[in-house]
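What follows is a set of structures for review.
You will see subunit A twice below: alongside subunit B first, and alongside subunit C after that.
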Partner chain A sequence: MGEIAFEGIEKRYGPMVAVRSLTASVAQGEFLTILGPSGSGKTTILSMVAGLTAPTAGRIRIGGRNVTHLPPQERRIGLVFQSYALFPHLTVEKNVAFPLAVRGTPRGEIARRVEAALARVRLGGFGARKPAQLSGGQQQRVALARALVFEPDILLLDEPLGALDRKLREEVQVELKSLQRDLGITTLLVTHDQEEALSLSDRLLVLDQGAVQQVGAPHMVYRRPANRFVADFLGLANMFEGRLEAGGLRLPGGALLPCRADGRAEGSPATLVVRPEHIRLGSSGLSARFRQAVYLGHLQRWHLETAEGARLVATPPPGATAPAPGTPLPLGWAAEDGWLLPDGTDAARPALAGTPSLQPA
Partner chain B sequence: MSAVTQGMLPGHAARAAPRAGWGAGAYALPLLGLMIIAFDLPILLMLAQSVLSPQPTLEHWAELGQSPVYLRVLGNTFQMALITALVCGALGYPLAFWIRCLKPRAQLVALSLVLLPFWISVLVRTYAWIVVLGNAGLVNRSLLWLGLTEAPLPFLYNTLGVTIGTTNVLLPFLVLPLVASMMKMDERLFQAAATLGASRMAIFWRVFFPLTLPAFAAGTLLVFILTLGFYVTPAILGGGRVPMIANMLDVLINVMPRWEVAAAISTLLLGATILLFGLYRMVGGRRS
Partner chain C sequence: MRAGSFAAAVALAGLAFLLVPIVITIVMSFSSASSLQFPPPGFSLRWYESFFGNPRWVEALVTSALLALVSSVIALVLGSLAAYGVARGRFPGRGLLEANFIAPMILPAIVIAVALYLFLAKVGLLGSALGLVLAHVILSAPFVIMVVGVAIRGFDQRIEQIAFTLGASRRQMVLRVLLPNLLPSLASAYILAFVSSFDEVIVTLFVAGTYETVPKRMFNELVLEVNPTITAIATIMIGVSLLATLLIALISGRRGVMGSMMGK
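On to the complex of A and B.
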């Protein structure tokens, strides 16, 4: 079985750096998601694990085996492409049988395993159809069955839900996660969709411009972002810049915002991150004027503006009625819900990208 | 207002509303009429001679069935078409595959070389083959000089000569659509096959080849159909010893003259071609 280890992996295209010295590991049975905007190098990483792209430097190990220079055929990986890449000329059955057939598995065993694999993704009875006769969700499940039928060491997923409509997505997410847990297969998923990343993974690896920004459990990365980029990219974040004081962060405008400044020097500059759902309306601390409500069905978001012109987003309690635009609202949050970005990260993203660091989960 | 706009753009109108399609079709009517009167009607009248000349009769068709000469030439023509199609297929597929594997710039050069024969007259090309393949030609002189053969080899005025000629003319008809279909294929299918454990050979035979098969079959069939009507190449490179339908029609019309039998043979050839064309469309249509 497989744990994956990246040892100083780097990929350069001429002067362009796609991935810079990546050192990370995925434990046996773990579900790790590489999350990043497009162009962050996440697909390059996936394709290096699959053996479709050769790294410029560094080593990749799967299950302790150095696979850096092995062709994809010998890596024992199941890869699900974003486009599914099903063979259009073969039936569903033949598609799933493909990895077994090329390994010279006996016919009887192929039939048995294909049937089991299709049953596992709830596509029993679809074997005789051609991929073009299936819906997007069904094609995706065929691709998954095909990637798993030969019992690979690891499973690689490239934006597996990207082509599905919203409603189907959550259903597939739940199914994918339970399948992965049942099989206990090490899984590496690549996506730019934060919802997908948060819901599926045991751990997240946030990537930007080819450099690792943060690694950790989804709730840790969400609640304790390592820098401005992570705070901003993952969910909505209200960010305030000021100087630390006893009891909170003093804004240039004079307001004192609640937060815990454990061990940080008083008077030092800092950036405070507060998630919209932690903002409590009515408790005093900061005053902001109401601008606009965005209604999302299951919740609404209120967009606010402070006297200094800083724009905020808050999630009001269910059923709250939006006030008239311009209405001043007092707002606050519990001190433990205010998160100070670690020292030296706020204004220094390029420097961080140059010296990659990987925080333990 | 929209009707006015549609009227001004007949092409768009036809797409927007099927009923407006008549408006677009109307522009083509005079041309269509001309085609029917000046082209289609005379051909049909000519073909009808096989059963109407001098009075309604089946005797010309009966003659076709009774005389072994006609059947032999028909058989010979289909045999030539088959050989040409097979040779074009055997040469064209590797050629197309090779072009696909080239870098973009080299692809352009290779495709231009494939297309080059189109820019030279068939007549010139065919006579050029005589210069190359004749008893005192380039190939035979080289072979003699190298001592590989004692006497000049008979490349011309036989099936081999005609095959070389027809293949030379028709190869682009197979290679161009085949290259197009190969270039259009999704690279990720082969990557997927590789990650699933397929060797290069397995990827080729299990994924690549089956996916190119419709275009390949359609191209081969097209070559077959086009060979059926060849005249110049068999006349010159066959030297009259490889008679094909078109050459026989020439004799029937200009030498005999037996227009009625020629009409019967032409009808037969037209029927066979339409049948094969239907097959070609069917095979080609499965591509997408």
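On to the complex of A and C.
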């Protein structure tokens, strides 16, 4: 009843294409996250599912029903915005009661269901307060209770944790995930926060410039990125461009990097992705000079530079002491930890050979 | 003298310049003298008696009040709808349309007066009650559009969208979400529209025909003779404006007298 299907969805604003030929589906009970930078079209997709924006072409089905041209009132969706969008003039209770009240639900039933919904988000006893009297985390839970109280088929979340501080965010993530699982409600979340996406979702849909880059389980998308953009956007990635040889990837500077050729022809150009946590310092293969350490508390990151001028990032073992800048460090990685981008090189996003682009987490 | 105390002195002088004539007028309205004198030789309510004892003045007061009441209600309804359309609509020419609605507030009143005079004459409404009401609606609608427009722009559109996704019809959204949140601004806008109509004289002189409003009659009286009754009327007008200002201040609460115009 709650699966979502996008069939060739497209959205244009004049000459600008916000979303291009999106075909994807979200299974009943699944938690799918649309991940992308701002301006990638992810919020447009969400608002098309909600019925707040009409697609230029294509169809959207919810539970098999074509909802493309249905107004939001008839879509049976629960929506939570980053700004929560609580009704400022109504108490918490009346906010949560709103979707039931506009449907003409009997008063006794409203009271019962509102109480249950508030209890579910651990806000029992807060019913008489106004939204302005609540903390951000509490407001967020009211918004969630309000979106779920009328038992919608799907739940839409627009960066719901963006306004919360870091500590609270993780707590709410855990809560949100267990609530979603308990209710078994199909959920579509939109975010630019990769941590949120990785921790909450059953599957990720990575979006850039209105086009789907990759769809898959979080660990698959992280370990096996489809292209340079995905590798770069999701976590930190060291990327090297070179030509495949029997022993690995040969950089233009001469170094041979360990990786598996995966049956690709020798001599063909390829881009190798290595995550910082897979780089083993001290093992042989490549040599780089230490540049500086970035201390993050639970881990540190060392920024290094090879003799050819390629920069890379590695995660040293816990407790490692940073050497003096300029100290040469041998490093390497297991061949199976090197991932060759399937499209070889990415023409749309060219980069200098051997220069990894770094995206701070 | 320090710059701070100099500024304070200028401010006080400016305030005095604005307030003294008003205070003198109010004091003189309670004078017992039969001509305009300051300071008054004694105090009485004779000029208020003269005002309320004169059926032509009372009739003008009733006309003014009715005119302000009717035109401000129409201005509130039309102005709020226009403000919503201009603030939320996504059509080309919105800015132009808004400028057009606000124009009567910016253009010299005499220009509007002449334009309305010619227009109403052409459509045969010159000197009619309907024509007068229309003229006042055009003049007071800009106040509504400005005040309500700011309030609508300050109200997160996502709250309206959420209401729709939660199942509210457009009517339910307006009644249960939009109006309750705009209420203070709507009240302020209504009062401003009312006062602007109640005070209006220039356009009224041109288009009112035989209808007499208080300001129009005051103007005509002053041309003939300076009668102290004028000071009593002026005091009543000041009282109405003051009351309106107080009401707006009360409604806008901590946001200040003109807070609703300046936004949050």
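Methods note: the second predicted complex is superposed on the first by the 345 of 361 C-alpha atoms of A that agree within 3 Å, B and C clash if a C-alpha of one lies under 4 Å from a C-alpha of the other, contacts with A are read in each partner's own complex, and residues count from 1 in each chain.
Everything that follows uses one rule, which is that a contact is a pair of C-beta atoms (placed from the backbone, for glycine too) under 8 Å apart; a residue touches a chain by one contact, two chains touch by 3 or more.
As the structure is a computational prediction, the values presented were derived from the model and not from experiment.
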| item | value |
| --- | --- |
| Fit or clash between subunit C and subunit B when superposed on subunit A | clash |
| First, second, both or neither for A:126, with subunit B first and subunit C second | neither |
| Intersection of subunit A interface sets (partners subunit B, subunit C) | 50-52, 71-73, 75, 77-79, 81, 83, 85, 87-89, 98-99, 101-103, 146-147, 150 |
| Touching residues (chain side subunit A, partner subunit C) in the complex | 50-52, 71-73, 75, 77-79, 81, 83, 85-89, 98-99, 101-103, 146-147, 150 |
| Subunit C residues touching subunit A - in the complex, by the definition given at the top | 156, 158-159, 161-169, 172, 176-177, 180-181 |
| List of subunit B residues in touch with subunit A within their complex | 186, 188-189, 191-199, 202, 206-207, 210-211 |
| Contact set on subunit A toward subunit B in their complex | 50-52, 71-73, 75-79, 81, 83, 85, 87-89, 98-99, 101-103, 146-147, 150 |
